[in-house]
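Going in written order, the chains are labelled A, B and C, and every chain counts its residues from 1.
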Amino acid sequence: MISANNIYKDFGKLHVLTGVSCEIRDGEKVAIIGPSGSGKSTFLRCLNLLEEPTSGEIWLGDKLITGVDAYLHPDIIRQSRTYAAMTENGVSDKEAVEKIISDRLLKKREGKNFKSSVKEFEKANRTDINLARREMGMVFQHFNLFNNMTVMQNLTLAPVQLGLKTKAEAEQAALALLRRIGLEDKANVYPATLSGGQKQRIAIVRSLAMNPKVMLFDEPTSALDPEMVGEVLDLIKELADDGMTMVIVTHEMGFAREVADRVIFMSDGVITEEGTPAELFDSPKNPRTQQFLKCVL
Amino acid sequence: MKKIISIALALVMLIGCVAVFAACDGEEDAIIVQTNAYFAPFEYYDGTEIVGVDVEIMNRVGEKLGKEIVWNDGDFGIIIDTVKEGKLADCGAAGLTITDERKDKVDFSDPYYTSVQYVILPANSDIETKTVDGVTYIVWEALSGKTIATQTDTTGWIYTDGEINATADNDYGYDGVLYGTGTKHEAMDSANVAADALGITIDAVIVDELPAKYIVANSTKGFTCYPLYYSGADGEADSPVEEQYAIAVTKGNTELLEAINEVLAELLKKDANGQTEIEKMVMSHMGMND
Amino acid sequence: MAQFLLMSKENYKKFQARPSCRTGNEGWDGFEREGHNMDFFKNIGVLITNEKYMGMLLEGLGKTLLISVFAAVLGLLLGTLVAMVGLSEGKFSKIPKAICKVYVTVIRGTPMALQLFIMAYAIFAIRGFPKEITAILAFGINSGAYVSESIRGGILSVDIGQTEAGRALGLGRGTTMRKIVIPQAIKNVIPAIGNELIALIKETSIVSMIGMYDLTQAAKVIGAGNNMASYIVPMSVAACFYLAIVYLLTFVIKKIETRLRASDKR
């Protein structure tokens, strides 16, 4: 469903992600854990392009979300002037390509052929990010409900604005979702009057109103009072049981163990270790993982 | 609520645009007079209208030429330059004194009034006066060490500045009477403003005769005023600081200049009592019935 | 000093024959004035009950309001436009963005009096061009710069999470801005814009510099030697007028603010 290829992300001189690659399969529930500063939130936000990777590519299904990263496509590299120069000097095809990739030798201008092959590729594969985002729901640590609208308006805004449903249809669907989480009596109140747990659950169903294929959760319970964490986790578990593909960045180890098919441990901008919950939590192989889990579990 | 606001805004802008277009024509056939309407009895505000001797003169000029007269009030200092440009104004009437410097920039009509610089003093002033042959006056030297206020760019300002700052050695080229005496000179927006500060931060105001008399007549603080004289060099009589008013016209506008001079000639004719129209106008605007 | 004078002996004699001022006791007879005395409050009474003076003040007030209202509208529209351009992104917005930045910097960095002067005597130095229009344009353009900064500030002060949530749902930049950010920004922007409008009304008092008859000018004329011969009385009354207008405006703005805060109640 989603594949991230060799993602690098720099904020000025700060290298937050240094070569992260990952594939999320259909129906998979992936938990990402790690110490703060490891880049896990940044990586999640790259998946729906809230952060734009410095290099690397992200694919949603067979559609390219980011721009083309030439270093991932040997065919495109072969169109460059640098490649031409190298092979003219007697370097073999394989060597040239490898060297270009490993030493990042491509310059800003690599000639007309290069440019047009990049354009062609984009034309064939790239999709508008706004369209892609319709299929990816995101839930934020601080809920981010729209404060100037009622709960009902929060839920119906996107479907109606994007022409996916009529107002009546959207409202019906919204009520059904609210009923599911037992908050239909809050349909016409403003978010300011709600508790954290209520807000987050409404934020979750707001994303669900768009019928996404995958849900991204960025530390959904980190800003909640302990009493409310449970109700939110229960909802997420429900979604998981219903078969929703999801990627969750979380500190709730118990939850990760229970719900996730795969757990990814990130530290210092790379994926340090990954595996099933049993593998990772019970017998971590990497010392960094062990160190982290010792503190947390 | 949003709709109401946006409609209101749109209406306002529409009205504005229409007004701009409407205002852009007209005014082709008018004579624009640049002035500084704080100079009774020549031009001053009565309510929201500018009235005065100069207004009456220019009205007659307008009649003669068949054109409307429009008055443009502004800073005194820009009058000469505006008339020189000739774009925004055709002439300037503001009790302007003829000076050589000004003659370089604009043409002057025939002089129609002679004025003397006066000094306004607060009540209980210690500045000396001198009386010769029944005329009481003040010589420049009596103002030594005092703080004098004048209206910026008027001849009163020019004279005072000269007397205080000039020496034969610097740019002025002559010796100012008050040079080096510690006399201070404050330039103000108008004589009225200066008069407000008289007796408080100002010791004397130097301004033309008529405005001086006007201010004194209207004052409730017991001001007095006396003509300003130059001390005569050994043996000679003291002489007043005298000057002549005329109307400034853009160089080359002979039609307007001739019309003004014709009107002035009429008004300067003496009647049976030896009085000119201009004198009568001055008296009536000063509130004196003769 | 001789070069400045055109003395003629006849004029000198004429001068001699005129009555001159004597000491305060003898006074300048023949000139009648209303019986003023130095009492401040009594003079205020005289001014308020004098139809002519109040007429002058009201005419001046009318001019002040005229300029303020139109300039305010112009400022709001211009400010909104400039703010939107300043926040836009994309390759076609580089030049417009730069122009807006220069505009805001220059207008905020130079005194209003100077801007008015330049507008009146350089840019719109057109024969017969109505001064009201010049004033409205000068004050409107000045106001626009400050308003645009207030709006920009208000928009940037909306939590970025709101924008992120909107974009994450698939909404475009424009829709997110219109439906989510701007409604919330307005709450923050209204007080700042209110302040700017109040400043505008009071700033218009400098139009007397270019010869316009506004409220301050009316007070000046009343206080000049031909009328009350005291500036403090008419100036105080004019100040009360300004105070009343500003108070009214503040009241309206507070009402708008309260209405907008309805959705913030907990």
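Just so it is clear, contacts are C-beta pairs under 8 Å (C-beta built on N, C-alpha and C of every residue); 3 or more make two chains touch, one makes a residue touch a chain.
Because the structure is predicted, anything quoted here is derived from the model rather than measured.
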Centre-most chain, if every chain is reduced to its averaged C-alpha atoms: C
Chain located farthest away, centre of chain C as origin (C-alpha): A
Intercentroid distance (Cα basis), chain C paired with chain B, Å: 29
Whole-Å gap separating chain A and chain B, where each centre is the average of the chain's CA atoms: 80
Interchain centroid distance [CA atoms averaged], chain A/chain C, Å: 53
Parts of chain C lying in touch with chain A, wherever the complex brings them together: 159, 161-162, 164-172, 175, 179-180, 183-184, 263-266
Complex contact set, residues of chain B against chain C: 9, 12-13, 16, 19-20, 23-24, 26-28, 30, 32, 38, 40, 44-48, 70, 72-75, 78, 87-88, 98-100, 111, 114, 116, 118, 123, 135-136, 155, 158-159, 162-163, 174, 190-193, 195-196, 211-227, 230, 239-244, 286-289
Parts of chain A lying in touch with chain C, wherever the complex brings them together: 48, 50, 130-131, 133-134, 136-138, 140, 142, 144-148, 157-158, 161-162, 190, 192-193, 203, 206-207, 210
Chain B contact footprint on chain C (complex, rising order): 1, 3-8, 11-12, 14-16, 20-24, 28, 30-33, 36-38, 52, 55-56, 59-60, 69-70, 73-74, 76-77, 121, 125, 127-130, 133, 136, 209-211, 213, 218, 221, 223-227, 229-231
